[in-house]
Amino acid sequence: MSITYLEAIREAQAKALRDDPRVFIYGEDVGKFGGAFKATKNLQEQFPGRVIDAPISEDAITGFAVGSAIEGMRPIIEMQFADFSTVAFNQIVNQAATLYWRTNVSCPLVVRLPCGGTSGSGPFHSQSLETIYSHYPGLVVMTPATVEDAYSMLLEAVAIDDPVVFCEHKLLYYHLKAEKLPTEALPVGKARLVREGRDMTVVTYSAMVHESLAAAEELASDGWEIEVVDLRSVKPLDTDTVMASVARTGRLLCVGEAWPWGGVTAEVIARVSAEGWGLLDAPPQRLNAKDTPIPYHPNLWAAHRPTARSVADAARRLLRM
Amino acid sequence: MSITYLEAIREAQAKALRDDPRVFIYGEDVGKFGGAFKATKNLQEQFPGRVIDAPISEDAITGFAVGSAIEGMRPIIEMQFADFSTVAFNQIVNQAATLYWRTNVSCPLVVRLPCGGTSGSGPFHSQSLETIYSHYPGLVVMTPATVEDAYSMLLEAVAIDDPVVFCEHKLLYYHLKAEKLPTEALPVGKARLVREGRDMTVVTYSAMVHESLAAAEELASDGWEIEVVDLRSVKPLDTDTVMASVARTGRLLCVGEAWPWGGVTAEVIARVSAEGWGLLDAPPQRLNAKDTPIPYHPNLWAAHRPTARSVADAARRLLRM
Amino acid sequence: MLLSRVLEEKLASLYRAGKIHGGVFVGRGQEAVSVSLGIQLRKGDVFAPSIRDMAGRLAFGESVLDAVRTYLGSPLGPMRSRDGNVHRGRPQEGLLPMISHLGSMISVVNGVLFARRMSGAKEVVGATCLGDGGTSTGAFHEGLNQAAVEKLPLVMLVANNFYAYSTSNDRQFACRSLLDKAIGYGVQGVEVDGTNIIACLETIGGAVQRARSGGGPQLVIANVLRLCGHGEHDDASYIDPKLKNSPLGRDCLKVSEEMLLREGWVNEAQLAEWRAEVVQQVESAVATVQREPAPDPYQHDWTAVSSRHLQELHADTSA
Amino acid sequence: MLLSRVLEEKLASLYRAGKIHGGVFVGRGQEAVSVSLGIQLRKGDVFAPSIRDMAGRLAFGESVLDAVRTYLGSPLGPMRSRDGNVHRGRPQEGLLPMISHLGSMISVVNGVLFARRMSGAKEVVGATCLGDGGTSTGAFHEGLNQAAVEKLPLVMLVANNFYAYSTSNDRQFACRSLLDKAIGYGVQGVEVDGTNIIACLETIGGAVQRARSGGGPQLVIANVLRLCGHGEHDDASYIDPKLKNSPLGRDCLKVSEEMLLREGWVNEAQLAEWRAEVVQQVESAVATVQREPAPDPYQHDWTAVSSRHLQELHADTSA
């Protein structure tokens, strides 16, 4: 038996619903239909009254989740695509994110965002929005890269008392498989060393973990040992693990699928430069998507985001510095 | 005669309306009332039919501007507070910002955002939102720090063919004064060296330019010469001027009023670290607001954002590194 | 009503004396509307007031101290100096603290009501208020529609005071009456003269009652003028004198007092006594709060998430 | 209608053959509604179609080549491989390319109409389409209200096909008919049987005419079923068979053909000839586009702002 990233997300939701009567799911087409990506398939049947179709009203969907969270429920809301969370933006960053700070009442909700590019999806069904949510205080932003993390982090997202923006990568939904679901997991807030090496550290997250691992593999055949760190959550961001890795390797490349201006890669480099200056043997580098909307055509799309190829190229340049 | 930052903004709008029949102003209470901050005072009278009160519909206000821009108009829209642009977020980042790239038709509009903290304004009337707009491709993000720039950059914002997010700082509205309006100006995209020095570079923008200058003044009495760079626009970001300054001083402190995660200070440090590594004699540092909503009480507010005092402290620490 | 009026007058005078940072927003003239809602809500209900609902808040049970502490930024207030003026509440007591973005509390009330339904609570009502201008927001539309789809016991009270800040209704909407919106959501709608306390109590009370007994969402349009500026910084010179001089321009408090006198329920002396008592109550609250300490930023707990272990420690590397 | 149907059938078959990346969204069953709008718009009007408006687009003047090039990602298409499928248009010819976020084109159309009014253009109409689900968005509300306040010549056509993706109307709104929304905006509203081309032409034509002659915004509700999935990946098994078997489940194309035959305006042979011609036209467009080059990412102009000197050169330091 094997289980996909998407199935892990479904299983995590099923478990959350099973274990905790405060959990419910609300979103467009999440009910009988099981969601646009089938992440809630069969859940309405199994948990009658707790998996609820919403009108096309992302703002109100989010406000509704906040209200129920105030009352102690643990809502999971699904945006059909991360891109549509821009019309729920205000409720996420100003309502959910400020509640605890303002009132001392916590706001335990999970916003599931199907993120990231897939071929042919174009400018409005491909966005990676971790940056805009991480910038605002009050949110936890998770970016699982593996089937196991998709499962365990979603469970943890439901369990913690703060609003969580859960960035699932659509490209991983069907292709990424694991043998079984994990029974234990690193806590949220901890990055994971996914590959050891001594020549360079690649810090990355979400789908780019896999591109980076492929690049590391490619470089291994040239004799380079590349260490890869999967951030897992980008807020909080586990600077310690990053720094420890850079201390070993002396070189840092940050890779992200989001746009280049001011996101995860800038944040990681700013922290390492400020606090780990002495650890670096070469200037820290980064690789992001291009600074344009995400193109529709597969050729353009493949050139727009970092890939194993461009990560390997950037790594080679950095190794020569 | 002297003119305030706010009056400069009004004068720039008057001039734009006078010189270019394609310009019009649209926003809540901008008409006869002259806007919540009086930035459009008397303009409706002077330019009948071209200064138009909108319903409380930030999303539709922005879409309306996009439509008129498609037709060749040059709309200036006012958000009553920057914070309310979160409900126009989708139209700004997905409609306005993508139009040129998608269609080759440019989208010349200006979104005026009264930004930044003032004492007693609290979490929803104090936000500095340059980060979230700069992250998205397709927007120009201006952050004028002086009366002269408020005037000349707003005129340039109207003149250029792209959507501009114009971040005005409310704290500067009434207090900041100049003798007269400028007749020439640095082009948008160029940072300005506002104070020369050889010991350290402080890179900053908007109201923090003044806190940084005050800090530089304070340090001057200890014999330190601090160079201060005003970015003026944060997207595009003038890396060259920053780098040239760091080349002279060897030390970099970035100061911003926005929240710490991501953002202008991270972006500047990431660029300088990646491209100007050899120029630095010490780790680049930054200073931002705290990672919480902006507090209401003046005491808390003053501690939440960087001030001359905390900039000077951070600078002293960096000078010792 | 009287307490609300006196308290707000005091806050306005503190504002003029420079004792309050930020804005002061009062509900002068709208007290009959507001109190008629607040008074019909009970413990276990949920209420998300607007900026003009001092009267409704007090009637719902908010204390004068909570209001004054929030305005003066006392760390002992419910918002602990963090948020101010009208942005106060106690969510766990059913009083939701508004965020500024108009319309965005409606769906939050819906969520509370949904949770109550899930937990089996019965006869709960959720109420929220907006002005005429607030009806133009997307959030109003999504929220009211959501309540209708979920058949929630929501009372959506719109105080139509003919202006949104300076913007008159003709620049805000084009329907003949805001009441015409009810049918488009499939909710019941009623309209009332907001200067008439008896009418308000009846009409708003009826709506609350219908919501409580399963009648689904209720839209109430109360027509009234605000007898003040948008905030205390604003002289409201834009308000049409014709409206001011119309019956809608009457002061609901005066109307109420006159009625009480006319009906012989009170006499002038009693009224004066009430007022004196209320003034005393307000003055003593203000005096108490003014003696309270200011917040200390160095001792302040600067954490934005409640999961302490997930707090970003590296957030500000230099501070 | 016929062209639209044949073209979309071809696109669907290309999709099934794996020749199209991303989704294919068709308007099968809704052509009578869509074409009735497109055909009444003229040069100088502005049109922001929805995902189901192939028929209206073609009638408005969009070429088959534009559609096919966009779907196949040809750099020669109006979106130059950058955007795909239904996200196409030529703003300078009055055809606005939708962004995905439902409802957000309405205010854009308003802005175009406002600009035309400012420039003195007369008798311009702006039209845009949504489905039943789209009416739940805040953007719909703000946009329609804005048009009403500005008295713009907007035709807001809602194709009520009873489902938004899988979600049925009872989970979407609670008014009896979407038509009930018109009064709440102060706009005129009409409803029509979307399977009946004659009724559509008349009703939608009337709305366009009223908008053109100064009647202000018009809301048109066309009831109809989509005879397809939400996209071609969806089998639409959630659609109630009762609805499918009701008069609303009729195929407007068949209804139209039967009428033409019944009235004796055409015969079977002519119909077959038309269809053959249309198939030929579509096949030849597809063949042409399939021979066109794919975009070259290395030659591609990766600039998101039109002010070249303001392009961020440091955006990606390592690419």
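Letters A, B, C and D name the chains as they come in the text, with residue numbers starting at 1 for each one.
Quick note on the criterion: a contact is a pair of C-beta atoms (placed from the backbone, for glycine too) under 8 Å apart; a residue touches a chain by one contact, two chains touch by 3 or more.
Remember, predicted model here, so these are calculated numbers, not experimental data.
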item	value
Third chains touching both subunit D and subunit A	B, C
Euclidean distance of C-alpha centroids - subunit A vs subunit B, Å	30
Distance between chain centroids, defined by C-alpha means - subunit C, subunit D (Å)	43
Whole-Å separation of chain centres (CA-atom averages), subunit B against subunit D	39
Residue numbers of subunit A (touch at least two other chains)	54-55, 57, 59, 83, 86-87, 90, 94, 97-98, 101-102, 123-124, 137-138, 235, 237, 259, 261, 270, 274-275, 285-286, 290-293
Numbers and ranges of subunit D residues touching at least 2 other chains	79, 82-83, 87, 99, 101, 136-139, 142, 145, 149, 171-173, 303-304, 312, 317-318
Category of the chain touch graph - line, ring, star, complete, other	complete
Residue ranges of subunit D in contact with subunit C within the complex	136-142, 145, 148-149, 151, 170-176, 180-187, 216
Residues on subunit D engaged by subunit A in the complex (per definition of touch)	20-23, 73, 75, 79, 81-85, 87, 99-102, 133-134, 136-139, 164-167, 171-173, 238, 294-298, 300, 302-304, 312, 315-319
Contact footprint of subunit C on subunit A as seen in their complex	24, 49, 54-55, 57, 59-73, 75, 87, 90-91, 94-95, 97-106, 137-140, 160-162, 187-189, 235-237, 239, 270-271, 274-275
Residue ranges of subunit A in contact with subunit B within the complex	59, 83, 86-87, 89-90, 93-94, 97-98, 101-102, 123-124, 131-132, 134-138, 235, 237, 258-259, 261-267, 269-270, 273-275, 277, 282-286, 290-293
Touching residues (chain side subunit D, partner subunit B) in the complex	78-80, 82-83, 87, 89-92, 96-97, 99, 101, 104-116, 118-119, 138-139, 142-143, 145-146, 149, 303-307, 309-314, 317-318
